[in-house]
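Two complexes come next, and they have one chain in common, chain A, joined by chain B in the first and chain C in the second.
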Partner chain A sequence: MSKAMEEHVSFRADHGGASVVRHDVRAGFGMLTPAGIVILAVTIFPILYSVWMSFNNIQLTENGFQFTFNGVQNYADVYSAPLFWHSVWFTVYYSIVTVAIELFLGLLIALAIQNVEKLKSVSIVVMLIPWSLITVISAEMWSYIYNGVYGVLNAILQGMGFIHNSINWTGEPFTAVIALMAADIWKTTPFVVIILLSGLQMIPKDYYEAARIDGANGWQTFWNVTFPQLRGSIAIAGLFRILQAFGIFDLPFVLTQGGPGSTTTSLAMLGEETLFTNLHFGLGAAVAVSTVILILGACVIFLSAFRGMVGEEAQ
Partner chain B sequence: MKNKVKRWTSVGLASSAVAALVVGCGQANNAAGTANANGSASTVASSGATVSVAGVRIAKPAHLVNYKDASGTIVWAESFTTGPTASELVSAFEKKYPKIKVKLQVQPSNTDTNRADLTASISGGSSTPDVYMGDVIWPAQFAHSQLAAPLSDYLPTSFWTRFSNGLVAGATYNGKVYAEPLFADTAFLYYRKDLLAKYHLPVPKTWQQLQTDASYIVKHGGAKYGFVWQGADYEGLTCDFDEYLADAGGSVLTNGKASLNTAAAKQALSFMRGLITSGVSPQSVDTFQEPQSENVFTQGNAVFLRNWSYAWSDSQNPTSSKVVGKVGVVPLPTFAGHGSSGYSTVGGWDLYLNPHTKNLAAALQFIDWMTSPQAQEILAANSEMPTIKAVADSPSLAKYSPVFALLPKVKFVSRPAQTPNYPSVSRAIYDNVNAALAGSVSVSQALQNANQQIQQALNGSGSGGL
Partner chain C sequence: MKKPLYQRVIGYVVLVFFLVVILLPFYWMFVTSFEPNSDISAYPPAYFPHQWTLSHYAEAFGQFHFGRYILNSVIVAITSTFFVLLFGSMAGFSIARLPIKGKQPMLIFLLIISVFPPLVVITPLYMLLRDVGWLDSYQALIIPYTAFNLPFAIWILRNYFLQVPGALFEAAKMDGASVFMSYWRIFLPLTTPGLFTAAVFTFVACWTEFFMALVFNPDNTMRTIPVGIALFSGQYTVPYGTIFAGSVVSIVPIVILVVIFRRWIVSGLTQGAVKG
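Take a look at the complex of A and B:
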């Protein structure tokens, strides 16, 4: 925004008087102000407030919240809890695995839909159904599928003779994690598909024409035309998914309640519980701020990895 | 920011009160001052004197409120999970006290979501709901966080004598009563009469016998599962575990210190895990909350069910139950050699008063009436267990539900909820017990972890707050 403004300003400065420029700049900022205030009120202020909370011991008193500054004590307490590090580890590996699989599957499905001749829009709509469902509802649906007594999944697997005894999908650590990941991948892959589909549509047809004339086969065309052109879209889809995956809350909240034990307790669940069940606001804020820092870190790593690839492509 | 909100609320409160009061001296003054406008408050000098009532020592009322002529509108946040109980109560109340209107605010049925919602609005200084329903395990935490007003400051000491034994003690924190026991609840053993008769087995009085009966019937094809209960990773598991623990002669705390490193705790948890490994309970019982376990039983797939009192009426409802008329109910069993019946966890719901209420008198009138014989009869007719002696001890109670007739035989165990950090204490229990049920840690390792985490939570500082 600011760069565009500068160009605009310098352009005007060459031709008109300085007063006109100043007037335009003022009008520009004036128009930005309402949106700026809203962003300040609903985004910047709560973030700063949370950070401030995390450095205080907070008691609820008859006069509302009472803050007592206690430095990094909350962070020291949070970082000395094995449960916190367990949640960090779960959130990190859960995010990496699900986002990687979603990007891979999403790419495959996007390519398939791109090449569908008939009923293209129908297949897009069908594909989008999981994404359009409210997570809590789809999680409730998955809990019926995974139920260890009357679950659909066990019935199908038993009917087909793959297993003899019911599997306790959400009741055992390993299968609980797999079950969560499967439900998440089912739900959010369509989001990746939609982003990648729009990316695919922006690739000029001439590129494929040229590849064909050069005698490239399908595989070569994909690696030399499609994939390099799609990197930007993949980066965007990946970024959005990482942001969401690190904040995973509703799915384990419904499906496993963070169990068995604390196997599937994500950082967001830990933060929510500390804040709203245990009413330890300072500790909860420290968990929340730590989560934000972790997410920012993950996004920076992901983007810089991708920027390397995009830069390569630009040459 | 919250401070500012509250300050403005205080200003608003004070200006609406008739009496000119000093602003900013805290909630007790505000509330009593409001009472001046609506009723007549007489401030009794608080000399720090205490009095023993209903088996617990509490401070004498500091701001007795006369709410006889109360009027106006109050908001009641209710969280009944079934039926029109709340509106039935409200219309009976409004008929009796036409000057007071009660608006219903329906809360989320999930207890933790409900708590989060109430915490958010009351800690933000909201004056409504004036009165709200809350779990019996909340008093210490809500009192500590100033989310509930001390009822014993406003109500006469004699008020508390109407309740059944032990209930007032459970609502007391640091010598003040913060909640009014509205209805009680406890757990029972539901069993299939027809199956026990078919296989000529007695109704089990011990856990061991239950296990033998159940596995016999399952082995002979009488039912798919033997015994279903609540083993998921949540508060309900703490209730189930506490019962086995009490039956084995143990307790979560001994002299205020975690005591799960005992033989009793080991017996309790080993038995629970054994129910799963022996096939008497389905493996997935470690994901069951009340609805899942009840569902298995009412669909005719289990011989025994541990559940709360409402499971009786659910099991007799032909639209959802396949076992109507085939169900019996008895007090929970115990371990062999520990008496004739087992312990049941005390559950139920209380009424709490919002410290920021603008109509203290009407709120108190409503709270008072809700434990009158009239209101408690309405609750009993809706299968909720009354808390006042006059109704609970009446022989006519059995007509509402056969589980009420069993109450005199039930031994009660309370959860260790006398600490503001009870949620963390409970989490230490259910997380580790659930992990042991899933088989991911050994019984002794789970108990050792639980013991250590409970102690951290009790200390109330450091990472124990997580």
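Take a look at the complex of A and C:
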């Protein structure tokens, strides 16, 4: 980018002189303005305002919102609440487990189907449908499948002899978490497969040829050619998914309502509840700010762990 | 180089199994939407319905407001997509082709803000919208949706603008075209694939967004599809037939979109991997 810019600037300087460049600069900032204003107004300003809110006691009165500065009191209250730590723990293990399973399954499926020539465009369309599906719809779909009284999952499992009595999937803590994870994995694994398939297609064929001539077996070829070449795609897919998983809201909102009890209450659900059900705006802001810090931390950890894991292999 | 037979067989078996697993829940939703209530709550359920009825579709679109939800979603998604393409292509062009300073920090800044979850902006926006009386309005969703989808669109479009030869820009200047004119007349038409990619990602993101729509537009006449469906469940029983009838109808336009734009969706999904 900077090279193209330099060429461009020197070209202009040769022909038009500095005033034309300055005119282009003005036009450039002019064309950035609409996007800049919208982004500043809707993301930067609210983020800063949330940080400010988290240090205030906020009351909703007839005259609007009344702010009273109370230092780190909100954070102290939030961090002393067991429910907060429960939500942190749930969000973290939920995200790690689902994303790990999705990456693993996605890699297996992508490797298995990479050489399939027929059905390609049909498969892509089918894999994109869960990606484009409204999560609330998928949650309703799964809630009908999981239903403890007339759900088809129980019927299938009983038909195959795996279980005797119907299971109330979303009613018990353990099965509720499994049910949530399965619905999530169903919806997002196709997305991972598509990213990894494109990554596989970009690996030069000569590499495989060279590995074959060197007498590498399938496993050696995978570890020395495929996996190092694919690490960029895996990192991108993983990062996208970690970001989404840490913000999980729609699926438990519909499928388990955070329950049973508060088993599946994610940080986003806790934040929403604190803010809009209980109207504790200061506390909610503290939850929100803590969530952001957690997400940023998770991204950094994921990227550096990933680099450490594949760094030596890649060379 | 043809792969050994066993590898191709495994490939087909895995692929077909995978596609079936993806499609089965859709099949179940589809047939359920045509079943009478007595069959919906029958156990064990019939894997293929005995009798078909359109009554849930009549309920969803006659008695209840699913038509309105779909209309709201279409209005919000199309308007947001329009603004994202307009503002995003202008900004992307500026970053790709104009001699402004601080491009690298701007791009990194865009990446960082797209990492922030809606939870952290939702309350200040709610308070602001409440103060100006814009809760339960189209602009309550169009403005944040535009902002949240701009970073990705700017990135994608900047990449496409970089692929158009810079000499074209100079040639247009020689002919006396203004900067805006060369963007509008020359560069924009040459980056249609980028516009398609940005458009379909923005549209799908707006179509599926739930959190902000739930908080900003809870009124029954202003709900989008996900909010309409999530708040539709009754107190004691879930009216699955009606929900699925509305869902099936709301899935159709997005599936058509995916079929038409599949190439550009895949290219958008893999852009990040190429750059990284």
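Assume the second predicted complex is superposed on the first by the 275 of 315 C-alpha atoms of A that agree within 3 Å, B and C clash if a C-alpha of one lies under 4 Å from a C-alpha of the other, contacts with A are read in each partner's own complex, and residues count from 1 in each chain.
The definition used in the following text is that contacts are C-beta pairs under 8 Å (C-beta built on N, C-alpha and C of every residue); 3 or more make two chains touch, one makes a residue touch a chain.
Quantities reported herein were computed from a predicted structural model and do not represent experimental measurements.
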Legend entry - Contacts of A:Val149 with chain B and chain C, given as first, second, both or neither: both
Inset, instruction - Considering only the touch criterion stated at the top, classify A:Gly238 as touching first (chain B), second (chain C), both, or neither. - result: neither
Inset, instruction - Answer with first, second, both or neither: which of chain B and chain C does A:Pro252 touch in the superposed model? - result: neither
Inset, instruction - Kindly classify A:Gly64 by the partners it touches after superposition: chain B alone (first), chain C alone (second), both, or neither? - result: both
Inset, instruction - Could you figure out whether chain B or chain C reaches more residues of chain A? - result: C
Inset, instruction - Once the structures are superposed on A, label A:Ala81 by its partner contacts, choosing first (chain B), second (chain C), both or neither. - result: first
Inset, instruction - For A:Pro190, select first, second, both or neither according to whether it touches chain B, chain C, the two together, or no partner. - result: second
Inset, instruction - Have a look at where A:Thr277 lands relative to chain B and chain C in the superposition and call it first, second, both or neither. - result: first
Inset, instruction - Would you check which partner chain A:Gly106 touches, where first means chain B only, second means chain C only, and both and neither mean what they say? - result: neither
Inset, instruction - State whether A:Tyr49 touches chain B only (first), chain C only (second), both chains, or neither. - result: both
Legend entry - Intersection of the chain A residues that touch chain B with those that touch chain C: 49, 64-65, 149-150, 272, 276, 287
Inset, instruction - Within their complex, state which residues of chain A touch chain B. - result: 49, 59-66, 77-78, 80-81, 83-84, 147-150, 166, 168-173, 256-263, 270, 272-274, 276-280, 283, 287
Inset, instruction - Report the residues of chain A in contact with chain C in the complex, numbered from low to high. - result: 1-2, 4-5, 7-9, 11-12, 15-16, 21, 23-25, 27-29, 31-32, 34-36, 38-39, 41-47, 49-50, 53, 64-65, 109, 112-116, 119, 121-138, 140-145, 149-150, 152, 154-155, 158-159, 186, 190-191, 193-195, 198-199, 202, 205, 209, 232-233, 235-237, 240, 243, 246-247, 249-250, 253-254, 267-268, 271-272, 275-276, 281, 284-285, 287-289, 291-292, 295-296, 299
Inset, instruction - Would you tell me which residues of chain B are touching chain A in their complex? - result: 1-3, 5-7, 10, 24, 26-28, 112, 115-116, 119-120, 123-125, 141, 145-147, 225, 232-234, 282-287, 292, 295-296, 299, 301, 355, 420-421, 423-424, 427, 431-432, 434-435, 437-441, 461-463, 465-466
Legend entry - Contact footprint of chain A on chain C as seen in their complex: 1, 3, 7-8, 10-12, 14-15, 18-19, 21-23, 25-26, 28-29, 32, 40-45, 47, 83, 86-88, 90-91, 93-100, 103-104, 106, 110, 113, 115-128, 131, 143-144, 146-148, 150-151, 154, 162, 166, 169-170, 173, 178-180, 183, 204, 207-208, 210-211, 215, 225-227, 229-230, 233, 238, 240, 243-244, 247, 250-251, 254-255, 257-259, 262, 265-266, 269-270, 272-274, 276
